[in-house]
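Each of the next two complexes has chain A plus one more chain, namely chain B in the first and chain C in the second.
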Partner chain A sequence: VRCQHYPPLRALQASAVLRGVSDEHKKEPFTSSSQQQFDPHPAGHQPEQEPQGPHPSYTGQGGQESEDYESEEQLQRRILTAALEFVPEHGWTAEAIAEGAKTLGLSVAAAGMFHSDGSELILHFVSECNAKLSELLEKEQKLVQLGEAEKKPTDEFLRDAVEARLRMLIPYIEKWPQALSVLLLPRNIPSSLSLLTSMIDDIWHYAGDQSTDFNWYTRRAVLTGIYNTTELVMLQDSSPDFEDTWRFLENRVADAMNMSNTASQVQSTGEAVVQGLMGAAVTVSNGGIECLS
Partner chain B sequence: VPAGGAATRPCSTRAALQGINKPVIDRIIRVDHAGEYGANRIYAGQMAVLGRSSVGPVIQQMWDQEKDHLKKFNELMVAYRVRPTVLLPFWNVAGFVLGAGSALLGKKGAMACTVAVEESISDHYNNQIRTLMEEDPEKYKELLQVIKQFRDDEWEHHDIGIEHDAEATPAYSVLKTAIQLGCKAAIFLSERI
Partner chain C sequence: CRGRALLSRVRGAPRALRGLAAGPEMHFGFQSVTEEERREKIYQVFESVAKKYDVMNDSMTLGIHRVWKDILVHKMNPCPGTLLLDVAGGTGDIAFRFINYVRSVREQQLQRKLKRHQNLSWQEIFENYQEDKCNSLGDSQVVVCDINREMLKVGKQKAQQLGYSEGLSWVLGNAEELPFDDDKFDVYTIAFGIRNVTRIDLALQEAYRVLKPGGRFLCLEFSHVNNPLLSRLYDLYSFQVIPVLGEVIAGDWKSYQYLVESIRQFPPQEELKAMIEDAGFFKVDYENLNFGIVAIHSGFKL
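This part shows the complex of A and B:
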């Protein structure tokens, strides 16, 4: 019986089991009964070389961790990153994860660590893309601060940031609709929503937003709308290099800018009208008083 | 070092955000920002009614200090990338109504409102100072300085209110309790929403 959720094993044990064949630590004292949950398929796979990344040194059950200790989280991330290569072929599935694990010299049973619907893989991908976007925006900002680049006007900045982020989907675009539906599962909504909001907040932060009133919310809501609709358009787009999508994006951003200009125009017109009425009222009342006298 | 000094703020944000207890700092700055915003609106309401009376200048002076406080929290909010509370539009109206309403009860009424609010705010700032001291006084030195200074300013306002016969207001204790209950609720909500 393959178990989807397993109690948090010490990474030592998990890594050791997954490696199927372990070299110098075969006599590692496994005391936990949770080993039964794994169906290790060593598949005769002898790792010719150590997998890349920190060389884990097992220091026993005592819990004293050496510097090369790789946490379970780090291991999972490595597997998921490796799995991304196989997504265009297998989709966001356990197969892709299994293939990824194989390239790292691990047993395909590694896929058992994750949900069969690929939730963790997709969330990992989204989080990686967001991190890449942040790095990109940070670099751009440094260039502007050093005077090596011009500061972009807001609409251009937003357009470029959203385009950069959406372009990261291109290699996986065929399978992206599947990913979106998984992200909308009730179980995943808190995480996917939080990833979305932090990405949008990042974009506005680097765009130079310093609002501390309700605008903080309206701006983010508007940009989220732009991002989501553009993403959906991109899924249907078959034009060369997605030019239709970028044109759609440009129009939506322009709409948003117009909306905010219109809003401030309406406000100043309104204020002018009120002042006019007040003036008229004063004139009338003065005229009335003069009539009486 | 960037050429234009004004451009350093986003750069220093990353440094400011390293190693701090973000959830705690978020709450502190969000609720303090909401509080100063509300205080501004309360004084605005009081000035609308009592601006031309004898206590006008006193209220104006306290209002000016609150404006400075709000400005400081606006800066901190951007520096620490904290989101403002969604309830700001509500505090906008509620604050003004409280200020104007208390002022309609007369000068003593306005002073009673000031005393109640400033006492709540001072208590609240003291709690925050305790929290930050428990966390790490060194790491949060700047923030602690700001909050301590503001707490002293608010307590000064409280004393001014007392000087101007706040306690002589009819139904003073009822009014004070009601306002302080409202403040507690506002603090609770603004920290979270």
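This part shows the complex of A and C:
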């Protein structure tokens, strides 16, 4: 779910170098909101230069390109994925993107396609993590449906989902504060906010939330709060394997569960109090009438 | 390659008025000349202005051309190790800026590396210094290519004066037929030069040829001002002031008359963008500077 608009896509006559490169840097292809419907090229493509005839100079719209062609968007995504391995060293910068492009056999100048502050790289990373999380949750759900696993209680489910998602940050944890600050730039807020909300929505969906009233909003707001605060705690946690963070997460989720119990308790107490008062008022008025008669 | 040229020539026919004529008639400023004559005349123009080229640039644009060229190099954002081809780069303005930029980026890189290596022994630090001293440019190189010998001469003199020696080479060549192999360069720039190329489509094709896959094409050139008020002022300034400056400072009215006319004859932003796409570049975009007086076009070979 990316709020970026790409100009109408044209078939890229990717050079043999691009097509021949193996998929070692590429993670599992996700069902992202791509406008093209063709498959990524198989890894074992023979690295021969095909004759470069005149290619269409206007939009080849309609996803009927042959498998040899790759859209600009796909190529950009490949570059960004390749760039991720250089992030721990160079940070979320154009340098990391340039190194990524180099591993794909492209010139370092290809990094000029992206913003110099690394926004696209970070957004790409976040959306990939979200997609991985969705896959994970879906697999779990299938197992439960097939009866091979127990359905987890809500608090445990939320805890595990948030932990799984935050663990994806561990390789990049040192440079993550930089990424967060870039995500908060006004230019990026629409995209980063929509990625965050769709992730939280996903988690609640797989947790089995089917509310149609105001609960829908409160649940998502609460989980967003839990996620953000846990993320911040994780950034300055130095315990082995982030134990402190997971404990913090457990406490917050427990708090949230208690809060919803308390809320319903408060409601029923309130009802009881009101009933008591009504009863007292009726008694008093009855007694008063008796006195008068 | 021939086949491609024919194809784009056919496509370029409707643009005959803009000088990509299917026939021999071309424009030289507001005059009508043949291709050969045009090349000759342009060569003579630059031969005569070469010595005063920089001075005239400063006085005509009130020094703003320096800012434009800075913006171009900033947009390029080159990292150390980049190979740049600066075509029609005559007096070396872009090349020098490129070298400065790469040097400062390299220094920052080295500082960061040193900060990380806090626990090195003295021997290791010494070795680090040694290898980085001889590599202040990080293997970046710029090749300045120009068709005009006089302009190259002026450029070489400037380089000597300013102390640029490393990573710089000067080559005599025609933008329509570059003397380089395929897939060589990371970035190709042409600043205020493509206007003087007789067959722009050939130059763009050559640019595509010599760039590596992933390489970037950058073109800085005078362009079309949309704003009507500004356009009137700009025309006034161009036709009344610039040739006079040319006569007073360089003693050459005609060359600067040509300059101003050639700006008017050059295709506007969208058309140039279409031509660049025709040559095979992707993600072609342009950025207007000063309301369209100057535009930077960028494209990638993907």
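By definition in this document, the second predicted complex is superposed on the first by the 228 of 293 C-alpha atoms of A that agree within 3 Å, B and C clash if a C-alpha of one lies under 4 Å from a C-alpha of the other, contacts with A are read in each partner's own complex, and residues count from 1 in each chain.
The rule is short, and it goes like this: a contact is a pair of C-beta atoms (placed from the backbone, for glycine too) under 8 Å apart; a residue touches a chain by one contact, two chains touch by 3 or more.
Remember, predicted model here, so these are calculated numbers, not experimental data.
A.B. asks: In the superposed arrangement, which partner chain does A:F242 touch: chain B (first), chain C (second), both, or neither?
C.D. replies: It touches nothing on chain B or chain C.
A.B. asks: Does the superposition put A:S107 against chain B (first), chain C (second), both, or neither?
C.D. replies: second
A.B. asks: Tell me which partner A:F125 touches in the superposition: chain B (first), chain C (second), both or neither.
C.D. replies: It touches nothing on chain B or chain C.
A.B. asks: With the two complexes superposed on chain A, say which partner A:E95 touches: chain B (first), chain C (second), both, or neither.
C.D. replies: A:E95: touches chain C, not chain B.
A.B. asks: Tell me which partner A:Q141 touches in the superposition: chain B (first), chain C (second), both or neither.
C.D. replies: first
A.B. asks: Applying the document's definition of touching, compare chain B and chain C: which contacts more of chain A?
C.D. replies: Residues of chain A touched, chain B against chain C: more for C.
A.B. asks: Just checking: does A:H205 make contact with chain B only, chain C only, both, or neither of them? Give me first, second, both or neither.
C.D. replies: First partner only.
A.B. asks: For A:L75, decide between first (touching chain B), second (touching chain C), both and neither.
C.D. replies: Second partner only, chain C.
A.B. asks: For chain A, which residues lie in the overlap of the chain B contacts and the chain C contacts?
C.D. replies: Residues common to the chain A contacts of chain C and of chain B do not exist here, since the sets are disjoint.
A.B. asks: Could you pull out which chain B residues touch chain A in their complex?
C.D. replies: Residue list for chain B touching chain A: 2-4, 7-8, 10-11, 13-14, 33, 73-74, 77-78, 81, 83-84, 86, 88-89.
A.B. asks: Can you check the complex and tell me which residues of chain A touch chain C?
C.D. replies: 10, 12-15, 17-18, 54-55, 57, 72, 75, 94-95, 98, 101, 104-113, 116
A.B. asks: Spell out the residues on chain A that touch chain B in their complex, using ranges where they run on.
C.D. replies: 138, 141-142, 144-147, 201, 205-206, 208, 210, 212-214, 216-217
A.B. asks: Across the complex, what residues on chain C touch chain A?
C.D. replies: 3-4, 7, 11, 75-79, 81-82, 186-187, 211-216, 277-278, 280, 282-283, 298, 300, 302
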